[in-house]
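Labels run A, B, C and D following the written order; every chain starts at residue 1.
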Amino acid sequence: MKKFINKADDFLKESLNGFGKAHGDIIQVSLDPTFVSRKNKKKEGKVSLISGGGSGHEPMHGGFVGYGMLDAACPGFVFSAPAPDQMQAAAEHVDSGAGVLFIVKNYSGDIMNFQMGAEMYSGTNDSIITNDDVAVEDSTFTTGRRGVAATVLVEKIVGSLAEDGGSLEECKKLGEKVNKNAGTMGVAFTSCTVPAAGKPTFDIGDDEMEFGVGIHGEPGRKREKIKPSKTIVGNILDAILDNLKPENNEKILLFVNGMGGTPLTELYLVYDDAFQILKSKGVEVTRSLVGNYCTSLEMQGASITLLKCDEKIIKNWDAPVHTAAMRWGM
Amino acid sequence: MKKFINKADDFLKESLNGFGKAHGDIIQVSLDPTFVSRKNKKKEGKVSLISGGGSGHEPMHGGFVGYGMLDAACPGFVFSAPAPDQMQAAAEHVDSGAGVLFIVKNYSGDIMNFQMGAEMYSGTNDSIITNDDVAVEDSTFTTGRRGVAATVLVEKIVGSLAEDGGSLEECKKLGEKVNKNAGTMGVAFTSCTVPAAGKPTFDIGDDEMEFGVGIHGEPGRKREKIKPSKTIVGNILDAILDNLKPENNEKILLFVNGMGGTPLTELYLVYDDAFQILKSKGVEVTRSLVGNYCTSLEMQGASITLLKCDEKIIKNWDAPVHTAAMRWGM
Amino acid sequence: MSVNFLISQAKNIQKVINENASEIEALDQNIGDGDHIFNIQRGLKLVIELEGTIKDLPLAKALNMIAMKVLSGIGGSSGALFGTFFISMAKSPDLDKDIEFRKACEMIINGIQAMKERGKADVGEKTMMDVLIPVSVKLNEIKNNNSEIKQGLSEIIKIAEDRMLSTKDMLATKGRASFLGERAKGHIDPGARSSQLIIDTICKFIINQ
Amino acid sequence: MSVNFLISQAKNIQKVINENASEIEALDQNIGDGDHIFNIQRGLKLVIELEGTIKDLPLAKALNMIAMKVLSGIGGSSGALFGTFFISMAKSPDLDKDIEFRKACEMIINGIQAMKERGKADVGEKTMMDVLIPVSVKLNEIKNNNSEIKQGLSEIIKIAEDRMLSTKDMLATKGRASFLGERAKGHIDPGARSSQLIIDTICKFIINQ
């Protein structure tokens, strides 16, 4: 295992400490129980947004704590959902009286732990479950689809509404709309290595890719031979469009997300391929995001998220945000 | 080779096209000759800053074009210095009459090509050469040290002075001071793969690292066994401090830069280690930057840059900036 | 059941889990995210570290502390589920009285029921519940019929093993493996395997007493 | 020297460079950044592609177009240096007259001198100049002494090869390899190797005419 690491057991704590020091103007890191919260004091009457999940997806979620986005994030161990006392403590710390909205990715562990945290928290609260991964067939009898990169968009867009005074109910409604309007699919070229494991999560041939991979290196739709970017992007878009079925000339936000080990140059190339393919299909790209936002440790690969936008979504997307990993307008 | 790529020959052009589309609000991409320039029209009387170099170090330099930083960037092919006509065309495009300052990393190819570009450009211009890499022994008889990650800091800090109306001479002077006040050293865990080559630039064992690596995968001081982060960071800092010799309690900017394939979590862990070691040595961290800014394609590794700061440097560092890859205050 | 018994079982289980660590790790890498073994190991370590703090406490208090440790220290599905189990255990009535076999059975049955409610998974969904629910059913039977205990535990060992193996060819509908569809087939569920090992260890311990 | 001669030499050189591509690539990976072979190959391709455009142009104009192509299309140290070479060539006086051997020698000597000024590297610094400068010196000698041409070119082939090999054990003081200090020793300079192959190809072509 080649990582900047001292002891696997200390990996998360040390990284969070560094994060806290490097961004001390925006956030603070609490340990025991562990959560990241905004530095500045609460705004009366603002709904508080709390997300969280296993670590290893940085900057998600800690990097999204700050003005216009999250109020707190609860990081679990690498790829393990955080524990309920983290959510409880974070909620108690940030709630200004207007209630707490938990933003949870759809994994059994996250759902169960957030549920317990919500039960343990005495204040008003509600939850949104994100499940944008179209790689997974949906079914009402199963856990359903995974929550992946669209979670970033939900956090940004709902974060802006909360900042503007949206109620708990309005925030939840908008979050659910964004989640429903979004579809994501990813592909991995290499595996990632969980620090505690010290070896790659999966083996993959020199000429292979995992199509539809999950953000923990879980298997996707199929193992395939690697292909030119245009082909990969075309296949990803087919799967998403098939699912989202945008109207002709519908405006979308195009989000090209790196898995952690793929450089920006390639992500922009993917963006270019996606832009052109979408154009040829009558889909208009109105907003963009390109970069490493919802990662899987050092995995090489990328995901594409499409979000169908209406005026309200665009307005809240454009609104100012000031976090460690996403910042504009201020 | 596992990359999002269509044809090696088109790699740069397609990536730049995507970059141009994704950030059309800030920059525009010109092809033939190739350069990235600010979208907004020139500000009369403002010194224009132009940088450039081989591609493969993204977001450097194209990601730093915009308010408060560069006016234009000239990307060469992957790891090949750009050609003089790019610099000439960029200068003609952005010069508002107050002259052009070229910011050049210290490599033979960059120096020669920028020199020729400057000779071909008829307007007033001057150059700064960055050479912050302490891994390389300096000597007046040789090419000297390599220019690496501190180039990012030079571009930001001089960019702000230029925005505030600093003259060509003042900008050059400040840039040279920042360069002189900065020292960098990097370490690589894995090689990178130049798209045209299709295979890794160097071989490296599963338990080895290249200490003092260059940003093109050039060999550094030595090949070593991999070590705990604290040890690596300690060795890097020793080399830099040995060179910079900060006063006791001198304020520094601590810049932890990823090489492209190392995730944020590790970079923050490196930051934490560096912060603590510096503290124990009586060096005060006054500003921070953590992320992938001066990369080597998908290489896993990181570099640390220390910059000794005075009031003027801090003021210009803090000033607003609005580029694709660095943004604050606006 | 006593605090001492709980701690010594945790130690036995730790040994068995460590012996089978690479197998469990591989199972969660195949159809999950690879953290199950670390979650289980972390939980066991935390419980065993409690020994000094809880060894002289009344059972109710000790169980409560174990529950909080498991709930807050593990994370993931395992943390929530085993945390739920111990919370249920800690809430059992009459914990200040002697806990004989029937009472212990009841506590375990209720704990598993709480897990089932928390995770909303039933038998056949390729989770640890495939092992735990049938074990709980059998425990209930033993308890109600006043069966011979060691004989009953031997049957439970067998049930746990069969059910663990049965997850191999299931499609998953709950948990991470559910995302894989057909590709989950052919792999034993990691939680089913770790649960089976836990049950195996405790049963064998009692049988060999 | 004619436009035709230049294009046909570029084609010959392309063939030889391609045959030795992996060796040249490895050399720049060892002590540089690995792009030298692609820079050279790109340059040759661009020049050869000019054929249709320049084949009927006067030499001065054709050389100018080649110079601009090489300068703008390659990049890196090679682009600047070989661009400088062709700019110098294109600036030679009397290009509308017939270019006999002595005149061609002068043009090449001046071109190499321009490269030396651009790169500020002299013999012994582990660059292509270690090959080119001695070649230029010998060319000058042949020209001034009116030596037998084919004999002279054979000597040049030998000089280029010796000097190319001599870069192996040098410390580099210019170019990327200079950053390596002692670690540059034991590796031939990539630019020296490609330059030597270019010289070798042209000389052999003329000798075999």
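We adopt the following convention: contacts are C-beta pairs under 8 Å (C-beta built on N, C-alpha and C of every residue); 3 or more make two chains touch, one makes a residue touch a chain.
All values reported here derive from a predicted model rather than from experimental measurement.
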If you take the chains that touch subunit B and keep only those that also touch subunit D, what is left? none
Counting only Cα atoms for the centres, state how far subunit A is from subunit C in Å. 32
So how far apart, in whole Å, are subunit C and subunit D when each is placed at the average of its C-alpha atoms? 75
Whole-Å distance, C-alpha centre of subunit A to that of subunit B, is 29
Between subunit A and subunit D, what is the gap in Å from one C-alpha centre to the other? 54
Tell me the shape of the graph of touching chains, choosing from line, ring, star, complete and other. line
Sites on subunit B touched by subunit D in the complex: 33, 54, 76-86, 107-109, 112-113, 115-116, 133, 135-137, 139, 141-143, 145-146, 194, 196-197, 201-202, 214, 216-219
Subunit D contacts subunit B in the complex at 25, 29, 31-35, 38-39, 42, 68, 71-81, 83-84, 118-119, 172-176, 178-181, 183
Show which residues of subunit A lie in contact with subunit B when the two form their complex. 2-7, 11-12, 14-19, 21-23, 55-56, 58-59, 63, 189-190, 206, 209, 226, 228-230, 232-233, 260-273, 275, 285, 288, 290, 292, 295, 297-298, 300, 302, 325, 327-330
